[in-house]
Amino acid sequence: MFFASDNGSGVAPAILAAMTRANDGYARGYGADDAMVRVRDEIRRLFEAPDAAVYLVATGTAANALAIATYCPPWGAVFCHTTAHIAEDECGAPEFFSGGAKLILVDGPHGKIDPEAMALALEKTGSGGVHGVQRGMLSITTVTETGTVYTPAEITALTTLARAQNLPCHLDGARFANALVVCGATPAEMTWKAGIDVVSFGGTKNGCMGVEAVIIFDPAKAWEFELRRKRAGHLFSKHRYLSAQMEGYLADGLWLQLARNANLMGARLATGLAQIDHVSLVHPVHANMLFPEWAIGTHARAEAAGAVYYPFPAPKGRERARLVASWSTTEADVDALLAVLRG
Amino acid sequence: MFFASDNGSGVAPAILAAMTRANDGYARGYGADDAMVRVRDEIRRLFEAPDAAVYLVATGTAANALAIATYCPPWGAVFCHTTAHIAEDECGAPEFFSGGAKLILVDGPHGKIDPEAMALALEKTGSGGVHGVQRGMLSITTVTETGTVYTPAEITALTTLARAQNLPCHLDGARFANALVVCGATPAEMTWKAGIDVVSFGGTKNGCMGVEAVIIFDPAKAWEFELRRKRAGHLFSKHRYLSAQMEGYLADGLWLQLARNANLMGARLATGLAQIDHVSLVHPVHANMLFPEWAIGTHARAEAAGAVYYPFPAPKGRERARLVASWSTTEADVDALLAVLRG
Amino acid sequence: MFFASDNGSGVAPAILAAMTRANDGYARGYGADDAMVRVRDEIRRLFEAPDAAVYLVATGTAANALAIATYCPPWGAVFCHTTAHIAEDECGAPEFFSGGAKLILVDGPHGKIDPEAMALALEKTGSGGVHGVQRGMLSITTVTETGTVYTPAEITALTTLARAQNLPCHLDGARFANALVVCGATPAEMTWKAGIDVVSFGGTKNGCMGVEAVIIFDPAKAWEFELRRKRAGHLFSKHRYLSAQMEGYLADGLWLQLARNANLMGARLATGLAQIDHVSLVHPVHANMLFPEWAIGTHARAEAAGAVYYPFPAPKGRERARLVASWSTTEADVDALLAVLRG
Amino acid sequence: MFFASDNGSGVAPAILAAMTRANDGYARGYGADDAMVRVRDEIRRLFEAPDAAVYLVATGTAANALAIATYCPPWGAVFCHTTAHIAEDECGAPEFFSGGAKLILVDGPHGKIDPEAMALALEKTGSGGVHGVQRGMLSITTVTETGTVYTPAEITALTTLARAQNLPCHLDGARFANALVVCGATPAEMTWKAGIDVVSFGGTKNGCMGVEAVIIFDPAKAWEFELRRKRAGHLFSKHRYLSAQMEGYLADGLWLQLARNANLMGARLATGLAQIDHVSLVHPVHANMLFPEWAIGTHARAEAAGAVYYPFPAPKGRERARLVASWSTTEADVDALLAVLRG
């Protein structure tokens, strides 16, 4: 009953097999391996973006912070949701990589930036001439930190506001696949067709060992990104193992299949929770993350039964939790947890 | 005939097996996995340093730059050899991570810092009061970038100069094992007993997939290092695979055995080269890197025969190369290259 | 009728005279001038802080950003009011100088941080272990950006919360004198006795040409501050003119006398505004800054009459302004403006 | 007998008078004062550069570091002379402002970069692809730190090498006027006609209180410079006093007249020294700085007589000094020093 995070799961067998196959013989280092050519081609094909620059790094924080630093000057403001991973969970990596950019937190229900709040934040920022930081860029996360998924139209609404100010737009897709299979769009529709300039395309949380692609639709930015990646210690010498992970992840639609399982288990959990009297859900469940609220004492019971997850601050007299399903979560896992929660 | 770099080799089978074993079930992320406890204990034991803080990152540049940033303030000078990896091959990572520290290049024959030059550099730096950068730290590399190895006494000579100025001392041991098996010292003798405060203990070049330990002998520095690692995107969520690599690497002396093979193949190559008339060696051969100089036309012949290595700038009428043997280099590889070079 | 800012005023005659006197002969540069010894002694005496380190810079942004960088690590959070100068009007200087620290905006009525909001912000920040930025420091401004003044007790309430977490506390006193003469405290009571560690003690807005003292109560921080000042280009070679300004400013209580005039003119303006039907005040008037709201059309009339000030965003059907009195504002200036506003 | 530095002199009377005149009434802050319009126009006229962006800051370090940060990315190399002020005397300001750029020290006799050494440094830097820092910019100083002056042809020789690699070129003209009156060129010939993109145009050392202009010939860089200046705390609220200094400095050729006196006194000193047996000159004397070497015991005699200057490291059995003449140095000062040195 492990629901602490999707990064607590192991590596999907097909991906580990791809890495093992990649272990034969010698390979050129630092991204010059043959597999990287195939990965680049496949991602360009999937995103219908024949000119996109594609790079691999090993962590989501690296992907996000490098993307932001490449697009936002030190005196720029990065507009993001109050709960965004870049704001809450990266120990200031965007500030570090960018040389001191400022995150402007914009609110909105259930982890999604509210377009009106965004318009207001845009209006307020940078209107004081040289005295304040300047409008820099937009960063959207989907799946959001509260488990919801933007529709392409919702993304477009925000990027339209940003692009009217000539701001580039970043998509933090640490759970890109989980969002994609929900919103029924193509990768292109969820990104550049919706106004996105640069994507953190996650693999780690969805069955890889540690690999994220950064996809930059404007190849003019490629060289700067490469220098920033190297300078930050994120260019791997034995790069072939990053390539192999990503190649295995994308082969035969594995990435979508893994995400579908995670989301399905999320839905099964949601359905089960809805049938328990003392449980309610704090946020709508779109993908594989759930935020239930329940009766006091449930944590103790669940912990005693061996359930693993993060408790969350709750209103008086109640308890809250974050539950995350993953590519490896089984129906049995879900049902066991539900049984415990039912009490 | 691959002699381009030791990072062109794959992962040693026992290490890959350890990673595969680590793939079972769920694990806590971000370094809280059980295997990391074992790795920490084993490294403390090997280094006779029961209080040392031990962290894993995936690249040598990350290990070096994080170690330097933890020990050197932005206005500090890092004394290192003119050819040091941190000076030549990390695209300014030490400057980036430290917030703008300055590398002071100190010369010395065959990649080793000359103590007299070091004394002079120390005397010159920071003597102008607030106007110049201040003495910050010392960074030594062994195996050096030109293939030589410091004796513990040579390391001590340099750290003694540094410590007289209260400067901390870093050892870039991207090829730590290759150096250790040559100088016949214990890990403790090569590091803290020789005045070293923080070590980049490399695994990647010697048979791992991508893992380096940073060993900090003063645990008071641990928390700052952890924050810097996270903030730089170098804390892995699926950390268990870093732990597994390092655990497999250290088990049953594998790390020393792999390094011994690399060095032995280096020696075999050196012996063979010595018997070829038109070939001489630019630097003494201590470990697994060789810098031969040979007759014009040799590059063309070697390339045609399928040999892979880096050519180096040479005096007129001659050619130079860097040849690196690794854990996976075989006698047959070496002999085949020698046959080609013989012409 | 110039009410745009107190920095639109010139230099008080006695201060200009002190600078002119300082022009005789040669002087040692970079803060080693004799006058700086006298300034340091006088500030230590005024603040009852015989060990304080005292430095001069030329701008308020430099004073604040250097103070913050000296006390807050790159991964630290600086708690400050939503409207703080460091947050709104320094183009990200705190982020730049500190290497990427994050400002956490805390709200509260009329420009003052609300202690409950502060407690909440403290509780929320840094509770996620290594994943988020850490609690770094507190920065309070008085006179606030909305013209109010903290009592020493109010300052103490906030610093007590901060110090319970071992956080250092900064006071942005760009208008220190204006605040001091209002709250009736001694400089010591308004600063270190109220839990403040480092003060930006402003001179520029109150009759100097361009000088601010940074007062650091713990001399152990002095050398780091000096290096940061030099490295930021804020150490003046002809430092004697900074010293002379500050010496002239402090001599014979001039600084208090200038602030009293500014505040008196602020009060006269407030009294006059209270007697105009269509005018109300958005914030209480404690010192020399007023934020009136008035009937539509008033801006046009005032501008036509030659009044200079900043209009502010207002609710529909109304207009708002910021009016600042200074050391050189006269009763005639105030009465002329009131006459215009009366219509 | 003050020869320690030209920044030990006071403010030239005409400049102080201009500042006093500027003290009347109210003025718009932050560079929006009327005098700045006149300064900009005058500098554009003097430099025959009608589109140049012109900004004022108060210190030479600020001028240099802001100019460099505006033109060199964090991963760039700044080529400068081994003895350059930016390398030796700014406590790492270029690294701080640029976000960690690396200074590549290029040698050459008497403080001037040797074109062959520059060509070699260019060839070596950035040729390793993404692994090393990239060629960033060139920074030349004239008057050099050893008192010599580049001819426009010598400047052109260096900028031609840099521009062949598309590198921008900076001139550190802390002693611009002293260099100009020596080399007999126009400001345009010494700068943009010689391939310079951005100039630090010093005033402080030549009779101002604390003002340097940064002249950017490509106005497309202006806005970035403005943001960097503000963010670094170098935008003055009471900017009118910077403008007034520069206006007074440039009026009626005062700047040239002050520099001519300094250089003339330097020449008189050089002539006198040449007639003293035990004295020789380490560097040619082009302007107002001299580096004599003399018999042991001379320092003691000079100090006893009240001479103030910096001693320099000397070969065994000899002593060395730096002597700087300024706008306010008199023939009597020079002759008095010579008398002392004669013994």
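Order of writing sets the chain letters: A, B, C and D. Residues in each chain are counted from 1.
By our rule, contacts are C-beta pairs under 8 Å (C-beta built on N, C-alpha and C of every residue); 3 or more make two chains touch, one makes a residue touch a chain.
Bear in mind the structure is a predicted one, so any value in this text is a computation, not a measurement.
Trainee: Going by the average position of its CA atoms, which chain sits the greatest distance from subunit B?
Mentor: Centroid comparison gives C as the farthest chain from subunit B.
Trainee: Across the interfaces A-B and B-D, which one involves more C-beta pairs in contact?
Mentor: A-B
Trainee: Could you put a whole-Å number on the gap between the CA centroids of subunit B and subunit C?
Mentor: Roughly 51 Å, centre to centre.
Trainee: Centroid from C-alpha atoms only, then distance subunit B to subunit D, rounded to Å. What do you get?
Mentor: Each chain's C-alpha centroid was found; their separation is 42 Å.
Trainee: Averaged over CA atoms, how far is the centre of subunit A from the centre of subunit B? Could you give it in whole Å?
Mentor: Those two chain centres are 34 Å apart.
Trainee: Touching two or more other chains, which residues of subunit A qualify?
Mentor: As it turns out, subunit A has residues touching two or more other chains at 74-75, 90-92, 96, 99, 130-131, 227, 230-231, 235.
Trainee: Would you tell me which residues of subunit A are touching subunit D in their complex?
Mentor: Of all residues in subunit A, those touching subunit D are 30, 73-75, 99, 130-131, 134, 224, 226-228, 230-231, 235.
Trainee: Given the complex with subunit B, which residues does subunit D contribute to the contact?
Mentor: Listed in rising order, the residues are 74-75, 88-92, 95-96, 98-103, 128, 130-133.
Trainee: Along subunit B, where are the residues that touch subunit A in the complex?
Mentor: Contacts found on subunit B: 2, 4-5, 7-11, 16, 20, 22-29, 57-63, 65-66, 90-93, 96-97, 204-205, 209-210, 227, 230-238, 241, 308.
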